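What follows is a single structure, written as structure tokens, with notes after it.
Chains here go by letter, A, B, C, D, E, F and G, matching the order in which they are written, and residues are numbered from 1 within each.
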Amino acid sequence: MTILFSLAIAFLFATGAYLMLKRDLIRLIAGMVLIGNAANLFIMASGLRRGVTPILPLDQRAADPLVQAMVLTAIVISFAVGALGLALVYRVYVSHYSVDLSRISAAEEQQSEQEESAGSGFDDEAEDDTDGERQRDAEDEVVTV
Amino acid sequence: MKAYLYDAALILSVAVMTLGVIGIWRMPDIYTKLHAASKAVFLGVVVLALSSTVIAEGAMVYRAVLVSAIVVITTPLSSHVIGRAAYLMQERMETPGAVDESGSNLKDERPTWRL
Amino acid sequence: MPMANYRRNAGMLQSAARILLVPSFVIALAVMFKGYGDVGDGFSAGVIAALGALLQGLAFGAEELDRIPVIRYASIGTFVGLTIALGTAFFPLLTGDPILLHWPRAGEDVVHFGVLEFITPVLFDVGVFLVVYGFCVGAVHAIAREQERQVRDRERARKARGAERPTLAEEPLEVAE
Amino acid sequence: MHEIVYYAAMIWMIGLFCVCVVMIVRAKSSLVRVLALDTLTLVLVALLVVYSTTTKTSYYLDSAVVLALISFISVIAAARYHAERRLF
Amino acid sequence: MILLIGLLLGSTAVFAMMVASFSWQNLVLGFAIASALTWMFRKQVIPKPLPPNDLAAHLVIYSPKLAWYLFVDIMKGTWIMILTTLGLRPLNKPGIVRIPLHTHSPFGVGPVGYFITLSPGSFMVDIDWDEGVMLVHVIDASDPDQVRKDAEKYYKLWEYGRHVPLPWMSPEDKERTPDA
Amino acid sequence: MIALPLMILWFGGVVMALLDGTRKPSGWLAVGILAAGFVATAALGVEVYDKTSVEMAVGGWPQGVGITLRVDTLSIIFALLSQGVLLASLIYEVVNGVGARIYPALVIFMGVGLTGLFFTGDAFNFYVFFEISMISAYVLASYGETPRQFRTAFIFVVVNLLGSVLFLIGIAAIYHTTGFLDMVRIREQMPLIDENPAILSATIIFVAFCTKLGLFPFHFWLPAVYTGTRPSVAAILSGALANIGSYGLIRFGADIFPRELREASEVLLWLGAISIIYGGVQAVARHATSEVLAYSAIGQVGYILIALALGGPAGYAAAVLYTVINSANKTLLFLSGSLRGWLVGAAFAVGAFSVAGVPPAGGFFGKLALFRVGVDEHRPWIVALVFLGGALSFVYMFQLYRRRTAEVGTPDTSPVGAQVLVVVLALVVLALGVFPEPLLGMTQRAADALPVVKLP
Amino acid sequence: MDINSLMQPNPALVLLVVALAAPLVVALGGAWRSELVGKVAIVMTGAAFATAIWTCFVDDATFDVAWASTWDLRFTLVLDGLARLYALLATGIGFFVVVYAFSYIPLHLHHDHRPLDEQTRFFGFLLLFMGAMVGLVMAQDMILLFLFWDLTAIASYFLIGYDRGEEESRSSAMMALLVTGISAVLVMIGAVILGNELGTYNLGRIFSSATPERGIGIAALLVTVGALAKSAQVPLHFWLPRAMAAPTPVSAYLHSAAMVAAGVFLIGRMYPLISLFDWLLDGLLVIGYASLVVGGVLALTRQVLKQVLAYSTISQYGYVVVMFGLGGEKGVAGATFYVLAHALVKSALFLTAGAVTEATGKKHLADLGGLWRRMPLLAFGSGLAAAGLIALPLTIGFFKDELFFAAAYEHGTGYAVLAVLGASLTFTYIARFWTTIFLGRENVAPKAIPGTLVWPVVVLGVATLIGGLWTAPAIWLVEHAATVSAGMDVHLHIAYHLDTRPENVMAVATWLTGTALLVSRPVWLPAAIAAARLGEKLGPARAYYEGLRLLNRVSDAIHTFEVRDLRSRVATILVPAGVLVGVAVIVTPNSDAFHVGSLARSDIPLITMIGATLVSALVVTIVRDHFRLALSLSAVGFSLAVVYALLGAADVTLVAIVVETIFSVLFMGMLALMPRPILRYETAVRGARRLVRRDVVMAVIAGAMAFFVVWGALSQPAPSTEVIEAHQMLTPLAHGKDIVTVILADFRGFDTMGEITVIALTLLGIMSLLRSGRLR
């Protein structure tokens, strides 16, 4: 069982990691969720005892309740982070009109080049146009494609 | 005895569920799949839940009843919602000789249905 | 075009949504109150209640979420709930006790009414319930508002362009791939 | 005997679950995928019921109740998203 | 009023079943919770004006009949579906059938659609208020008229529904409801 | 008493969440809340100083069942430091005009998270508070709301989430192998458990904290994030949030995994050395102030790691000391980096001197501590490395400063309040260098409480 | 400190307080009324000078309080002979420089069209410089000494870079700072080594307990290197000529009494330690002679006034270093005397250069000439100073060379020859300097300059003369100072002797050689210039620039490899983590560390369900569109919920189910907010196969890392489950039955508080990220 659990957790982790290496931001979030799932499963598996549901009265040996409490908290937290990640993806989409990392990285690259040449520290006013306008421009762009 | 009864019910409901899944797999279009799926499966669940009351007592019975009730209430809703979505999206009917009185011309002439 | 009467024709879903509204909250509260002695806790209760509330939005449209106060002000509930939980946790400090002190004290007799126990953890769990309920409803509601905003923006953009053909991006319904 | 039936039923239902998962990927129409998800949740409800009954604990029936109650909401959301590209 | 009480009692029962105890304390608790929630959602769930009390009596009287109809339909439909799925019965002209609406109240149509959907072999697809029809997909639509006839029985059972205007109805829907 | 700072901040956060933080009065209210928390923490610090450590069993349950809050000097140092940085950044924003209604609330909640994780004596509770501060940071990273900030925030979220998950895995591993979540019990149990799982969980936790800290090679997110966020946020991230990394390394490394820390010290030394050189060299030719500071941060954490790897009371004390000074430096530099005016320039210069380790700026004592440790441990290479790193920091800080001073003609537009703030920060940095005794005493006290393990 | 000590102020403390108060008062005064700042500065330096003079009439004093007791650092000041000498120089020369600057700086700012209130910065830093010097010379604790040491570097940095608008000025300041600042770190390292070896930072105790061991030798070496760099000795001399970018008063101060003098001061201070090591003294000799010659030769080739003087300084401090290297009573006393004499004359010469440039606008020797007619007073004052530097009799400078010659002769003929050679170089360039400016044809008409630009020169020149006539004060100062350096009683015997003792012969030889060199300038000049060119090409300055450029280039090169893509950022965490875990697995004993575990029949459903979970997870990775992604992600969540159920975790199952549902609703809601063309565009572009393969490899590495960590941990469960039992036992006391919920709401309610705070924060975040989000 030990090795099966380990393999399963590792597999979940690997699938999550695989998705986190993708270009698509939404897949990245999915990868985060999967990695979180792997961690949660590991917490569950790291219970010091297996057994029946730990609700009194108990006639048999109960499962480790502590890991269950931990995994509950961890599930909730990874859920919250996942939700936040999704909202962030949306906002990245609004501001870049893309959820593709390669495009977003290109924007980042451009920025750092600008900085290298301009040499001014915190000024990102160059990119200060409002999201809405940006999006409208981009929409027109899409229509013509 | 009760246990055997329960086993029988278990086998029955699993069989019904299996049929439902097979139906989803094999039916030609979304409408017919919907027929196959949800109901067969939900019947399986209801049978199972109710049969579980045979060997269970107290708390379990209440909840088994509750499960059945909720499944009965919600399953038609999902079929309706999915079916309606299919209709609104003009999903094709892929069964030869399909009847369509909706006026949206969902019939497809291509003979793809073979059982 | 069948889409035209989309909302109006969703009568069956709407009826079901109304019918399930109170029961889903009842189930949620049951899950919460019994949680101390049985499966369930404030967290799952909050999500169940939130889903019951959101079902109204799914059936009646986003405006409905604004119409029902319990849903509209849910996100305030998050902070109310947080305050309840914090208050429960920190109140014992006033008497010099450690935070989150169990009341009535461990092992003492406790008043209970059915599954409802009058102990601080249950109050705490009510806070959790409110937080979670508020979060789930608030987050989805925020999505709904954003959606309305997008529709408004597109409408405005289309007007600005002179009511030409809609862009690909704004076309709500598309042929499946 | 009962045990064998239990194990067989469990494995079988998990197999059904997997078939549903495969349908989520392989189905041609997106709505069939939604349908597969719906079926999948019902299979899980059944699974929880069987497990609960066999282990003679009511604890998992709570999950079954809740799953039955709320899974259809996500099905509605999925169908709505697919048909309308919006939830509300 | 009776219907409202029934609703509250039903919710109380759900609570009791959920906590798996029908002790009086839990029933009181459940009732209190249900009442509070119903009050909280009064605009959403309490019809205004309240449906007549004889509707409740009607429901009680006809529920065995309804159950029987449903049972028969479910069994029949399941059997047909099993045969069809296993390929023992040809898939005989499935399709969408128009069933005329005999009521203009969503509350009247909803349950009928629900009953139709509940039984395997048929489900409601859409309602077209403008044409006054309900679109139902049936697994065997070789005789659409028979389908329409089968649906009638539910209407008869649910006749009362059309009298009830519901809080969430649009003004024109309310207008269509005869008793409004 | 022990929970008072948390209570103030926590309730304050809730209040601020409901208020519109862009308004001046609510901004100052937030400042007041943070300041109150700071004062309460300081008062607790006085108590801790007398007793070495103060405990509170949450809920009054016995240790091991309930969570135990355990505050020692190390906790107090980090809590005061982080709250101070948050306070400075918040004042900075309030003076400049807060741009988002939730900014003050987020800063306060980050204070809750940081204070909680410094105060808790429970490994899993540590994770929970860690997540509170991380979530605040995730949202804060997008503060400013230009496309760049969202991009940055996304990078930050993804990478740090990975770190968090690794940490969580480590916690679970610790629980499974020791059977405890209470850190004291874990520490007692650690020597008894098998070497293999211990070193594995130590490794994974190490990776998690290094990711937070931005140590080479886990640093690749850091420049983008520090340059992409608003200055005040960059100050918070580098001055307050990064403290999680160093505190975590000290708490988990020196306190829970002392044996593993000793065993891995060579690896850590190498990583620290590479980080110092890498960050330093990278910073040399960077142009933007924030970019130089970002790479400088990578280099600076290398020193912390080295001090930790050298270990012993002196090494641990140096690690803590260096963290404090580095945080103060980064806060000062990030905040003054975006302002204009000769006063600001002077403040920035103080920061630059501090990074380079020039007295009387506080950074001097950081470097001195490292030299002391290196010499005490008879590690000439460490001394040489610290020297080299210091030389690099001289080069990059003053190349940067030279460029900044070239902009003599720029009009003096920064708000007076912000200028005063950075000058006060600069004075703090100077005070650390002129009156080092309180800090040295506290760090030494904190380090003396950590176990010393000698390998056979 | 008792009340008595408060009543009787400690001279050391008084001096330091006055000196350090000066910059503070100036800064505050400048902030108040910037036009007053010059006068305030004069008053404050005057006060400091007066205090320094006063200290000559009181006994030696020690001021000692705890500074950082954790590290045994003490704030120890000692007012001894050495401190008196240098403090007198710092304040005295400082005073004249400030008087000079009082007129000079407004003119300077006026030339550059800069506002007058920038004076404050100048005087502030100049006085800080002075204060730092005063502190430095009295500091008795190594760390304290280092603090003041670097304070002089800071002050010099800002003073050299005072003309911020000029690139030359900024880069010179940086060069000075880099060279002196970085080399200063060596002093600190030396201090730390001493502290470690001898257990104290107190100089007195260090000297009394130091033995010629290797560690202490290294420390002494490091300190010496730092000192030499500060004194601009070869090969770290190149920053000093560049530092000429500073306004002239700064140069004057820097060269005579502050920065550069601090270097030799440190040698003098640490001499008891340095002199333990003969190899170190030999090193000093080599460096000193090299500097003497290099500085001299380069000075010969220079045209710019201040550059001549700058190279002269390098050369002059070469004398001092040589004398320290020669050692002995004569050497130490000579070195100390030399510093005193040099300070007077060099400051005067610099101020002269400034005044000349101010009057004529010319900086090059070639442009100048015959100024003695128009500026007789200046010519007189600077003539005295020049005479002092070339060691003409009747000036204090004469004795400095006499002592030098004596010390060199005592050591051997070779040294003596070198000494004469060096001295004649000095003779040549200084003679050329003065004669070219003041004698010959009048090339340019000087305009009138304020008297304060002239009088300090005259006073310093006259002081040079007086020092040559009335040697007692100088002897007193030097003897006391040298006694401290040498660690023994030093007696200085200086007088004019009209005989053929070696010193006198060498002096005469020097003048003759110098005159010959001066006359034969056209002959050797090309060779000297060639040497200078060679030095520029191959010398350390070139190394500095090339090093800096190389460093920047390396930095840029590394920067191009810096990861700028989120995917790679993720990969660069996963892969090193995998490597570290791999290393950890390899280095620890693995036998019996990993267990396969046993399998029960009841685990069959669990295993199958886990398999189903993995199938779902696999599906998540292969689906193409986001809709299927969302659905399959739900499937993973639901199946995990069942896994939790099969593990006996009912509460977890419930929460997992509800979380999965609400998450899928959120997921689809978010997807719905993004137009389909965007989503489809992004998913239609599929990664190249190579990238997919790369991703798979990395995922496998990540999975392997997770596998080993997880397996390693799961293989070794803790023996004790007492925590679980305790929870189980206490649950009834907490009035509950469900242990898990009791843990969540009670035992570990604090966790749950954190968790709901996370949720509330996430809500806040989502509200702010979704633009229309609001709480009501």
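Quick note on the criterion: a contact is a pair of C-beta atoms (placed from the backbone, for glycine too) under 8 Å apart; a residue touches a chain by one contact, two chains touch by 3 or more.
A quick note: this is a predicted structure, and the numbers were derived from the prediction, not measured.
Q: On the document's contact criterion, could you list the chains that touch subunit B and likewise touch subunit C?
A: Touching subunit B and subunit C alike, sorted by label: D, E.
Q: In terms of CA centroid distance, which chain is the most far removed from subunit F?
A: E
Q: When D-G is set beside A-G, which has more C-beta pairs in contact?
A: Counting C-beta pairs in contact for D-G and A-G gives the edge to A-G.
Q: From the C-alpha centre of subunit E to that of subunit G, how far is it in Å?
A: Comparing mean C-alpha positions, subunit G is 84 Å from subunit E.
Q: What whole-Å value do you get for the distance between subunit C and subunit G if each is reduced to the mean of its CA atoms?
A: 59
Q: Any idea how many Å lie between the Cα centroids of subunit B and subunit E?
A: 18
Q: Between subunit E and subunit F, tell me the centre distance in angstrom, where each centre is the average of that chain's C-alpha atoms.
A: The mean C-alpha positions of subunit E and subunit F differ by 62 Å.
Q: Indicate the residues of subunit E shared as contacts by at least two other chains.
A: Within subunit E, the residues that touch at least two other chains are 14, 18, 20-21, 113-114, 117, 124, 126.
Q: Any chance you could list the residues of subunit G touching two or more other chains?
A: Where subunit G meets two or more other chains at a single residue, that happens at 564, 566, 570, 574, 594, 650-651, 654-655, 657-659, 661-662, 665-666, 669-673, 675-678, 706, 710, 713-715, 717-718, 721, 723, 727, 730, 732, 736-738, 740, 744, 746, 748-752, 754-755, 757-762, 765-767, 769-771, 775.
Q: Where does subunit C touch two or more other chains at once, residue-wise?
A: Within subunit C, the residues that touch at least two other chains are 2, 6, 12-13, 16, 20, 27, 31, 37-41, 43-44, 47-48, 51, 54, 76, 79, 82, 86, 99-100, 102, 106, 135, 139-140, 143-144, 146-147, 168-170, 173-174, 176.
Q: Under the definition above, what is the set of subunit C residues touching subunit A in their complex?
A: Residue list for subunit C touching subunit A: 37-39, 41, 43, 135, 139, 146, 153, 157, 167-170.
Q: Mind listing the subunit C positions that touch subunit B in their complex?
A: 2-3, 6, 10, 12-13, 16, 19-20, 173, 176
Q: For subunit B, which residues count as touching subunit E in their complex?
A: Listed in rising order, the residues of subunit B that touch subunit E are 16, 19-20, 22-23, 26-28, 31-32, 34-36, 39-40, 43, 58-59, 62-63, 65-66, 72, 75-77, 79-80, 83-84, 86-88, 93, 95, 97-102, 106-107, 113, 115.
Q: Within the complex, which stretch of subunit D touches subunit A?
A: Of all residues in subunit D, those touching subunit A are 55, 57, 59.
Q: Quick one: which bits of subunit E touch subunit B in the complex? Just the residue numbers, please.
A: 14, 16-18, 20-21, 74, 77-78, 81-82, 84-87, 90-98, 113-114, 117-126, 135, 137, 139, 141-142, 144
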